[in-house]
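Chains here go by letter, A, B and C, matching the order in which they are written, and residues are numbered from 1 within each.
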Amino acid sequence: MPATTTRPAPKRAVAPPARRSPRRARRGETLTALLLLTPAGLALVLLRVYPMVYAVFQSFHKESLDVFQAPHWAGFANYRFLLFHSVTFWPSVGSTVLFVAIIVVIQTVLSLALAVLLTQRMFLPGLWRTLIFLPVTIPVAVSTLAWQIALRNDGIVNGFLAAVGLSQHNYFSTRGMTYFSFVVILSWIGMGFWMIVLIAGLKDIPHELREAAAIDGAGRMRTFFSVILPLLKRPLAFIAVALTITNFFTFVPEQVITAGGPNNSTDFLLYDIYQQAYQNANLNLASAELVLFTIIILVIVGLEFRFISPRER
Amino acid sequence: MGILRNMTLRRSSATVAAIVVAWLFLWPVLWMVTSSIRPENQIFAYLNPLSVFSILPKSLTLQNFHLAFQAGVGRAVLNSVIVAAGTTVFGLLISVPAAFALAVLRFPLRRTAFVILFVSFSVPFDLVAIPLSSVFRNWHLANTYPGLILPGLASGFAILLLRQFFANVPPELSEAARVDGAGWIRIMIRIYTPLARPALIGAGLILFIFQWQEFLWPLLIADNPNMQLGPVALAGLQASGVTSTNFGAIFAGATLLTVIPAILLLIFQRSFVETVATSGSKG
Amino acid sequence: MQNRPRGSRLLCAVAGLSALALLGTACSSSGSTSTPQAAQSGPVTIHLVENAPPALWVPFLKAFNASHPDIKVVASSIPFDNEATIVQARLGQKDSSFDVFVVDQPRTADWAAHGYLVNLTSAVASQAKATLFPAALQASEYQGSIWDLPVWESSNQLYYNTALLKKAGVTPPSTNPAQRWTWEQTVAAAKQVQAKTGVSCGLMLEQTDRYYQIEPMIISAGGGTGLTGPGNLTPNIQNAGWVKAATFYQNLFKDNVTPSSVNASETDAYFASGKCAFFVGLPLAVPGLVSNKVAFGIAPEPYFAGGTPATPNEANGLGINPFSTHQAAALTFVKWAALTTAGDLASVQGVDIPPANIASAKIFFSQLAASVPAMKDFGSLVNYELVHTAVARPVSLQYVEFEAEMFQMFGNIRNGTPVASALAATSKQLTSAFQSAGQ
């Protein structure tokens, strides 16, 4: 039995019974909303907003050499340093934005392709979907380590390439190769998840629409681009934004494999901040960089929203 | 007859494509798992040139698991399960009402609330973890389950996913219930939540997996060997300046850490897809 | 642990947003003295933070707890790559929940200057000078004071695969330091073995890209440590010695003497599986060599012809947390661990790193020689190197940043970046980084 969209017949109410005045109804709504939002709100404020405020606070201070002295007010000194004097900040911004642009495009297309494939009529679709999703459940550090070994010059990937007569490569020698390797590793880790989200979106498209298009004589490609894709706009937009943010947070591969290299090409922002905070123990500078990082993400995501769904939000 | 054969052909070719893709995703996992049951000195022995022994172990051993358990990985995996399960349950308990309020109810500053939510989602937690860890220590939450669980509850992502789903539910459903005199909370529990099964599973999976992967927070706040979590215990098996990396034990630990979510996944994947196939809401 | 009145706990919990930010600092524990406090009575539990697999410390702590009924040491483990940074973060928050912690000796200056270590000089100076290797103790000193006590020492030797050398007709190097091979000789022999036996790896350095490993080569080439000037805060990495050593390092990979993508955590296993002719490093590969039944020999670490021999040095020490409330007990433990023969010997049961205590080292070497015949000259070799050729890492407040930049730079050089430009770029980066820290 094909899935049908069920929509309950709208109740033919004459008029809502005037048991409550509209204003009181709205106040009731507000109070309920407040109640419902409180636990999450508290969690967010305490566990996300407060540390962020504290970080902003720290970014305006500088440490005194002796830990027994309190940090002193430094105004915008940390920001000035990052924006005008740091040798690593702007290159890091550039690398991060470049990498995110590349990987978001690739991963959006890839997850869509996977979703389309795995919603075709086939044998045991659930099994294949599960296997593709499996890497999502492995701790990222472990997957990265395993891939690093697999991508060694004498590793299994080169072994396979040699076996089929293709040329072998050094996968972390240049910016281009390293970005390629990172895209492979991160996509392997994450694509299963986004594929599932898009499958849900695809399944929501009523079968009648596809059938109608087929009856009208549209080929499969045409159906896909004219009928299905527009209906996927919402989940695709969501995925594009989520992918952008997730990939801005790229951290583990450059920490485990390349230590920011080669030639600082994988010194992405989050890694740079981590180095400032944990390695150089310059928490104040790290906080300032964190604030700038957050602003950059918000600006880019804001632009994305504008571009993708200009209507609401 | 021709149509049937055509359909079977299409099904088969789709299946083959799916198998190829699934294999691309599966082989590293397979390599990790088989490496965990082979002697450590054979793990790197057959990688290049490629042979069947690259993946198939020549000899089997449980030594790696033994070493991993000795190093406390068993206890750590158990802790990971407890913490991730707790995060999922309590995380959903606070995310669902919040998402409902943001999607369905009307109230002043609704936009602002959404923006705050979104901004906090965009802040990388690991970097603001330091001040938070010192506060948690002062509140004696170090080396405790609540201390490990709490930060994982604030998942802007889960709330966003649920909110998106709730926003797509046709308003007629709630209007009808309101006309009948139902309170909002009743509507949330009786109508929206059951409909939201795929989103609940999605949000639950997000909460679980994020917490499962957490590394820096447990590092900061749980150094007692009895309270360590899986990923941290695995990192402890790496080279320490006086010992070299024990890859066999690491792969054994990684296998353990993969098996549990994999089982969960198998259970939920089926119901997830089933529900989606018969869901009543339009995208 | 501090006792906190209930009222202030509640206050912390309900404070508003901006108040929270300020209260955050107020609520954290306050600092304390920087010298050991007076002795305490009654059984005391002290917490040790260390960075090795927990199993290593069990016999060690057991020995201490057995011989000191009034003090109990409980250990917690932070993975090696993260331990230093996490401990630093916690000390920066004035955390008093741990008493003793492992200190990576080159960080001593940095941490001492920040007030993260208790000054131990008055309590241990004479005993330390009498019982520890001078090279080891020196690494724990800063501005004339002792800030932590070394428990382990380190040294590098040249290891070779007996069977491969025999097959290639190469005479193995002798263990006599007077007949030490040069780097040039070593590479030539490595290439010969590769040509004659077809093995893919001629020479492998244990810690790929790490300054610890490459510093002796640079010093042997006459380049100095790379930091000069007052406080060792001025980079000096573009001189002839640096260029020579860096070029040599690059050529190892360019000429395929060393496979170029085996990273530092995998090198021991690589050599232990018998795939390399020569290996320079710590004895960490020995257990693997023994279990894989790969015959091997040892020799002194090579040097550059025309230069002086140099070997690496320094390992971990134990420091006392200045915010600890059990500093006397902590001191008892640290003194036992480093300055007593039994204590330091107990710390190396299960590892193959020599103890920093001279008397313990003697026993350790003879035990090792008894269990692994190929290591019978290891003890005398290490003794010789520690006295004659060991080099220290530069004592500098910016050492950590320097080390990180070095790792990046050598990675780039290994991958083919022209040496001169890599050195120049890193020099610029170091200068900028040091400036930002000093602002």
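Please note the rule applied: a residue touches a chain if its C-beta (ideal position, glycine included) is under 8 Å from a C-beta of that chain, and two chains touch if they have at least 3 such contacts.
It should be emphasised that the depicted structure is a prediction, and the values quoted were computed from it without experimental measurement.
On a Cα centroid basis, the chain most remote from subunit A in this structure is C. Highest inter-chain contact count (C-beta pairs) belongs to A-B. Our note on geometry: subunit A versus subunit C, Cα centroid distance of 38 Å, whole angstroms.
Inter-chain centre distance (subunit A to subunit B, centres taken as mean C-alpha positions): 15 Å. The distance from the centre of subunit B to the centre of subunit C, each centre being the mean of the chain's C-alpha atoms, comes to 37 Å.
Under the contact definition stated at the top, the residues of subunit B that touch 2 or more other chains are 44, 130-131, 235. Under the contact definition stated at the top, the residues of subunit C that touch 2 or more other chains are 24, 86, 89, 266. Taken residue by residue, subunit A touches two or more other chains at 49-50, 54, 149, 152, 154-155, 277, 283, whereas all remaining positions touch fewer. Across the complex, subunit A is touched by residues 17-18, 20-21, 24, 31, 85-86, 88-89, 91-92, 94, 113-116, 200, 259-263, 266, 400-401, 404, 407-408, 411-412, 415-417, 428-429, 432-433, 435-437, 439 of subunit C. Those residues of subunit C whose C-beta lies close enough to touch subunit B in the complex are 4, 9, 12-13, 24, 27-29, 49, 51-56, 75-82, 86, 89-90, 93, 95, 97-98, 152, 264-266, 268-270, 272-273, 284-285, 288, 291-292, 315-316, 351-353. Contacts from subunit A toward subunit C in the complex involve residues 45, 49-50, 53-54, 57, 62, 65-68, 77, 81, 85-88, 148-149, 152-155, 170-174, 258-264, 275, 277-283, 285.
Contact residues on subunit B toward subunit C in their complex (touch as defined above): 40-41, 44-45, 70-72, 130-131, 133-135, 137-139, 142, 219-220, 223-225, 228, 232, 235-245, 247. Within the complex formed with subunit A, the residues of subunit B that make contact are 7, 10-12, 14-15, 17-19, 21-22, 24-26, 28-29, 31-32, 44, 47-50, 54, 93-95, 97-98, 100-102, 105-108, 110, 113, 116-117, 119-132, 150-151, 153-154, 156-157, 159-160, 164, 170, 172-173, 175-176, 178-179, 181, 183-185, 188, 198, 202, 205, 209, 212-213, 215, 230-231, 234-235, 250-251, 254, 257-258, 261-262, 264-266, 269-270, 272-273, 276-283.
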